[in-house]
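Consider the two complexes below, in which subunit A is the common component and subunit B and subunit C are the respective partners.
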Partner chain A sequence: MSMMGTRVVRTEDHKLITVGGSYVDDLREPDLDGAVHAMFVRSPVAHARVTAIDSREAARAPGVVAVLTAADLDLDPPGGDHAEPWLAGDAVRYVGQPVALVLTERRYQLADAAELVDVDYDPLPAVIDLDDALAGTTLLFPGTDSNVAKTHGKPFDESAFDGCEVVVTRRIVNQRVAPAPLEVRGAACAWGADGRLTMWLSTQNPQLARDAIAGGLGLDPTAMRLIAPDVGGGFGAKIGADPDPVVLGWAARHVGRPVRWSETRSENLTAMTHGRGQQQTITIGGSRDGTVRAFGLDVVQDGGAYPRLGTTLLPGMTTLMATGTYRIPRVEAYSRSVLTTTTPTAAYRGAGRPEATAAIERAMDLFATEIGMDPAEVRRRNLIGPDEFPYQTPTGATYDTGEYAAALDRVLAAADYDGLRAEQTRRRAAGDPVVLGLGLASYVEITAGDAGGESGRMTVEPDGSVTAWTGSSPHGQGHATSFAMVLADQLGIPMERITVRHGDTDEVAKAVGTFGSRSLQLGGSAMRQAGDEVIEKARQLAAEAVEASVDDIELNTDDGAWQVRGAPSGAISWAQLAARAGDGALSADVWYSDAKPTFPFGAHLAVVEVDTGTGKVVLRRLIAVDDAGPVVNPLAFEGQRHGGLAQGAAQALLEEMTYDADGNPTTGTLADYEFISATELPDFELLDMATPTTLNPLGVKGIGEAATIGSTPAVQNAVVDALSHLGVRHVDMPAGPQRVWQAISDANRRV
Partner chain B sequence: MRVTIEVNGRRTEEEVEDRTLLVHHLRDTLGLTATNIGCDTTSCGACTVLVDGESVKSCTVLAAQADGAAVTTVEGLAEGETLHPVQQAFQDHHGLQCGFCTPGMIMAAVSLLEANPRPTREDVRTGLEGNLCRCTGYHNIVDAVVAASGQEVPR
Partner chain C sequence: MIPATLSYRRASSVDEALGMLAEHGEDAKLLAGGHSLLPLMKLRLAAPEVVVDIGRIEELRYVRTEGDVVAIGAMTRHHDLHTDGVAGREVPLVAHVAGEVGDPQVRHRGTIGGSLAHGDPAADLPAAVLACDATLVARGPDGAREIPAAEFFAGLFTTALGPDEILTEIRVPRAADRGWGFEKFTRRRFDWSIVGVAVLGGSPTQPAVGLVNMGEAPIRATAVERALAAGATPAEAAEHAAEGTSPPDEPHASAGYRRHLATVLTARALERAAGGSPAGL
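After this line comes the complex of A and B, so read on.
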């Protein structure tokens, strides 16, 4: 019987719960013996000219091996108009930017020495506000004439709304948040006697990281081995490599010793890339019968100080996905990425799509309120129907498959939506100071949006066990279990006999890795393709072995044995076949390239209670359909949904990276940053639905980010809905007590 | 200075710098790397261990303060091949993903169940408020702790 779709406990867990993972900081490899410890000296100011760095005193501090600055680095600087230096040279542009590197014999000597590095900063104006950044009064980069580093879509055409009976417009904020994986960034590296650099890095993409770091160091990628050991979460912020490890690799060569680095959490919150950070103007137009005819999304993306993915790529995802699950004939979507004196922005769970969904889902609610129709009904009237797929959106996306209305209806039924509405009315009428709010989100998102390939390799060992290598290197998702299930199902070899390896560029030279919810559909499909190739080879060999025609040979996946069709006696096992075939004969090494983006979708309903006296919001229920096609392992699938729901609720209610007017982070430690905890979340109510895609052999779509994308606007909409009877039409995220209380009192003042 | 600590039932005696934190002592001096460090503000609980049976954030205590005490880390929970019920439940209920919060989370859960052997789901959430997890959304952690207490987990 196939194990696909069954709840298989993860093979990764035993180690993690008994002796703990092997994260970078845990490594005790002999190659790292005698390593020096590293700490970056980071800019304490947002924007300044660096006029002098005096490291003499630091160099004399106990245990100091070296203090290195930009002046010491003999690497080619990165190019481009807004080049981000390896270490800051003559200017700093955000608090947290690396300025120098201190190397000491022991870990505890680092902070003492770093404090003694004396940097003269000649302050320049901070640029925090996005309107100021757009105005360009202070330019971040000399020689440029604007702080806008990139645009997506085409400039806004207001005439799109001509002829609409109703037009609602609103400026809303999709705030900057910290990805905050529980394991901060870390690396360790050592140069071998053969002149090769080995680096262990907490990354989602060992091969991309190797290429980037080798490139920075002027090495051929083959002169470097990069290993991602266990990675303690990434959520997009550990895609590839930041500039920091380039400096570490260089420093290790410079001092002739291995180097270890682990940042502090406070460094992590300001120096690891942030996510989101959009100011959006949403405009929705349509008729009073509930038909939406035009939607406009005008985005100003906060890129931070240097263009990373947040500037270059993610707003393009936002504009691409602007219309969500709806059939809207006219769409205007435009984004300008503007640089500010803040931490650069990049991917964070959802990466451009939560922003799109928040915009359209807030707009649908604003429209519903304006025409006096229930938000569920307005959505239903505009959803793309199941017979309209493949569906081409006006922004150029081709949605593969979907059952949007079914997802919405399933959530409404499970929640007893009508009952909840009745309770809401009752409590309002009774003057209950704690009001109920219901928030809906219908969403569709794009996964494997890069449409790149992935590698998969496997071999049946002479004892009949399997070793497989995937290019998709996980950071907590459980690929070793899920990919083993894919192969076990296909080959009929028990999971316990299948080992899935990943993360070492010397074992897998070419790969893409994990981001954009691509792993199962690309990495899993690569595994399946490798399995198919091995099966065909095995069929030939089995036919020879039992002296039958190839056409008569079949694989009995129940027993994991090859037999003449319908004749299990005389079957030949994988082990026998592998032994007969000789070393490595039953192997395949594939590059799965037939990748197209898929479009998971779903519907979420959030139920909140808001205390109108204090503004405190309590999330009572979160009910979700997340349809990503057939499920390999429901345990892992639900885990991804849970994590996504929590991170969405966290953005809606709690989390925000903030700066004061001078560009100092005001939520730059974990004591200040409102990282969501267990007490702030309800039990999640998950509903099943599985609409396959036709675009890959497993029929699967990505699930890593989906739940974040739906839950964020669902929770936000619930807060606004709770207060709608008071005349509140919008509350920006995070909807903390202060902001909610303010919205209530502003509304009270208006009436 | 010299500190003597019984760690996971084994007596250790080591020379440490005065300012050595217990978590660094465990990880760097004794090589017990399961206990992780997730912050520098006593906020995350990744470093949670038991000191004389009480759950403690080991990034907030000096090794010297644990002199003479008995410390249990997640490495000391299983009895040979037999997992502790909390460990088993974390595995069975998928209470971990990346595993980074897990050693601290498990120790906090062990201590919670010691104090409250039949917690409600709300009790579990409150009891684990000081232990942050970025991956699981806590749902399955609550399931795991409730299951470890021998109570039924609704599905």
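After this line comes the complex of A and C, so read on.
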């Protein structure tokens, strides 16, 4: 019987929750013996000219091996109009930007020595407000004529709303958040006698990171080996490589010793890239019967100080997915990425799609309120029907498959939506100071959106066990379990006998990695393709062994036995075939190139209570359909949904990275940055639905980000819904108590 | 995240700790549970040259009845105080508030003495001992002295304790027959209070109200108490909760918002102390 779809405890977890994983900071590799420890001196100011760096006193501090600045670096600087230097040279543009590197014999000596590096900053005006940044009064990069670094989509065509009976428009914020993974950034590196650089890096994609770092160091990628050991989360912020590891690799060569680096938690909150950060103007038009005819999304994306993915790529995902799950004839979507003197923005769980979903889902609620129709009903009237796929959106996406209305109805039924509405009405009428709010989100997102390929390699060992290598190097997702299940199902070899390896560029030279909810679709499909090739080789061998026609040979996947069709008595095992094939011959090494994006979807309903006396919001229920096609391992699948729901609710209610007017982070420690915990969350109510895609051999879509995408607007909509009877139409995220109380106070004043 | 260089001394008795304080003078800082001091040291906002660890002084860990008061040793951990039978029966407000501090990890390390001596206006226990009219016992080179709670909290992170003194005991009047209420307003369960209100109910005297995070020091809501004494209803009296306060003004909680919260939470705490069931989350 196939194990696909069964609840398999992740094989990674025993180690991770008992003795602990081996993260970069845990490494005891002999190559790292004698390593010096590294700490970056980071800019404490948002925007300044660096006029002098005096490191003489620091260089005399106990244990200091070297203090290195941009003046010491003999690397080619990155190019382009907005080049992000390896170490800041004559200017700094955000608090947290690396300015110097201190190397010491012992780790505890770092902080003392770093404090002694004396940098003279000649302040320049901070650029924090996005309107100011657009106005360009202060340019981050002299020599450019604008702070706008990139645009996506087409400028707005107002005529889209001509003839609409009702038009509602609103400016809303999709705030900047910090990824804050459990494991902060870290790296260790050593140059070998052969001139090769080995680097251990906490990364989501070792091969891309290797290419970037080798490029920075002027090395051929083959002259570098990059290893991702256990990686404690990334949420998108560990895609590729930051400038920091390039400097570390260079420093190790410069001082002729291995280097180890692990940032502090405070550093992580300002020096790791941030996510989201959009100011959106949403406009929705339609008729009073509930039909939406046009939607407009005008985005100003906060790129931070230097263009990373948050500038160059993510807003394109937002404009691409602006249409949502609805049959809207006209959709206008445009984004300008503008640079500010803040931490650069990049991918964060959902990476452009949560922003799109939040925009359209807030718009649907605003429209529903305007025409006096229940938000569930408005959605139902406009959802793309199951017979309309593949569906080409006005913003350029081709949705593969979907059952949007079924997902919505399933959530409404499970929640007893009508009963909840009745309770809401009752409590309002009774003057209950704690009001009830219901928030809906119908969402569709794009996974494997990069449409790059992925590698898969496997070999049947002489003892009949399997070693497999995936290019999709995980950072907590459990690929070793899921991919072993895929192969076990296909080969009939127990998953205990299948070892999945990943993360070492000397073992897998070409790969893309783990982001964008791509792994099972692409890495899993690569595994399946490798399995198919091995099966065909084995069939040939089996046919020769039993002297039968290839066409008569079949694999019994219940026990992994090769046999002549209908004659199990003469069966041959994988081990026998592997032995017969000779060393490593029963292998396949594939590049899965038939990669197409898929479109998971779902519906979420959030139920909140709002204390009108204090503004406090408590999330009472979160009911979710997250349909990502057939499920390989429900346990891992639900884990992704749990994490996603929590992270989405966190953005709606708690998390925001903020700066004061001078560009100083005001939420730069975990005492101030409000990540969510179990005490703020209800038990999640997960409903099952599985609509396969036709676009990959497993029929699967991605689940890594989906629940985040749906839950954020659902929770936000619930907060607004709770207060709608007071005249509140919108509350920006995070809907913290002060902001909610302010919305109530403002509404009361208007009455 | 790494403190500046320091010397660490561990005292096993109050006398030994006093000796160490005398030896090192103002260079020394007392360490109890460490949950206030160590984060400041790791962020290098505090950099004492000598840390004198008094957290393991067993003679300061007790809860016992002494006549009309419950005597609490200063090194009693929040969890032990929260779960102590005598405290729960005789000084239920203090026992309850000890269970509201931080999260379980904090409560298993943090001590009542450490919390009070830190003088943090955002801490919960100071408001409770203020409302209870507790007496704080300090020992110094010249022996012990008693400080009324109302005179103990001098300002932001400052108390009536001298640099050569150690807070050894908190004496809380027994109040088994009095109602009480505590309202702690946070965004997350384990956060510092944005505002908190501790009320010790009205029998046999007028209710006493302590405020968390409504000024530079933990304070009593004297305007509320005066209004109650003058015959105002709890709801009317609560409207005075922010009078004479100077709460912090921060992006996520402005001074104005805190003043509003103080009135709402005071009304709820008074209602709870009077045996009612306050409305709110």
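The definition used in the following text is that the second predicted complex is superposed on the first by the 751 of 751 C-alpha atoms of A that agree within 3 Å, B and C clash if a C-alpha of one lies under 4 Å from a C-alpha of the other, contacts with A are read in each partner's own complex, and residues count from 1 in each chain.
By our rule, a residue touches a chain if its C-beta (ideal position, glycine included) is under 8 Å from a C-beta of that chain, and two chains touch if they have at least 3 such contacts.
None of these values were measured; they are calculated from a predicted model.
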item: Which superposed partner A:Ile17 touches (first subunit B, second subunit C, both, neither); value: first
item: If touched residues of subunit A are counted for subunit B and for subunit C, the larger one; value: B
item: Subunit B versus subunit C as contact partner of A:Ala671, first or second or both or neither; value: both
item: First (subunit B), second (subunit C), both or neither touched by A:Pro737; value: second
item: Partner chain in contact with A:Arg253 - subunit B first, subunit C second, else both or neither; value: neither
item: Subunit B versus subunit C as contact partner of A:Val434, first or second or both or neither; value: second
item: Partner chain(s) touched by A:Gly643 [first = subunit B, second = subunit C, both, neither]; value: first
item: Which of subunit B and subunit C A:Lys616 touches, first, second, both or neither; value: second
item: Partner chain in contact with A:Arg265 - subunit B first, subunit C second, else both or neither; value: both
item: Subunit B versus subunit C as contact partner of A:Glu183, first or second or both or neither; value: first
item: Residues of subunit A contacting subunit B in one complex and subunit C in the other; value: 107-108, 264-266, 669, 671, 677, 679
item: Residue ranges of subunit C in contact with subunit A within the complex; value: 1-2, 4-5, 39, 43-44, 185, 187-192, 194, 251-254, 257, 260-261, 264-265, 268, 279-281
item: Residues of subunit A that touch subunit B when the two form their complex; value: 9-10, 12-14, 16-23, 25-26, 28, 107-108, 180-184, 230-233, 235, 264-266, 475-478, 635-636, 638-639, 642-647, 669-671, 675, 677-679, 681, 683-684
item: Complex contacts: residues of subunit A adjacent to subunit C; value: 107-108, 110-112, 115, 264-266, 432-434, 609-611, 613-614, 616, 618, 654, 658, 660, 666, 669, 671, 674, 676-677, 679-680, 736-738, 741-742
item: Residue ranges of subunit B touching subunit A (in the complex, touch as defined); value: 17, 19-20, 24, 27-28, 31, 33-44, 46, 74-75, 77-78, 83, 87, 90-92, 94, 96-103, 106, 121, 124-126, 128-142
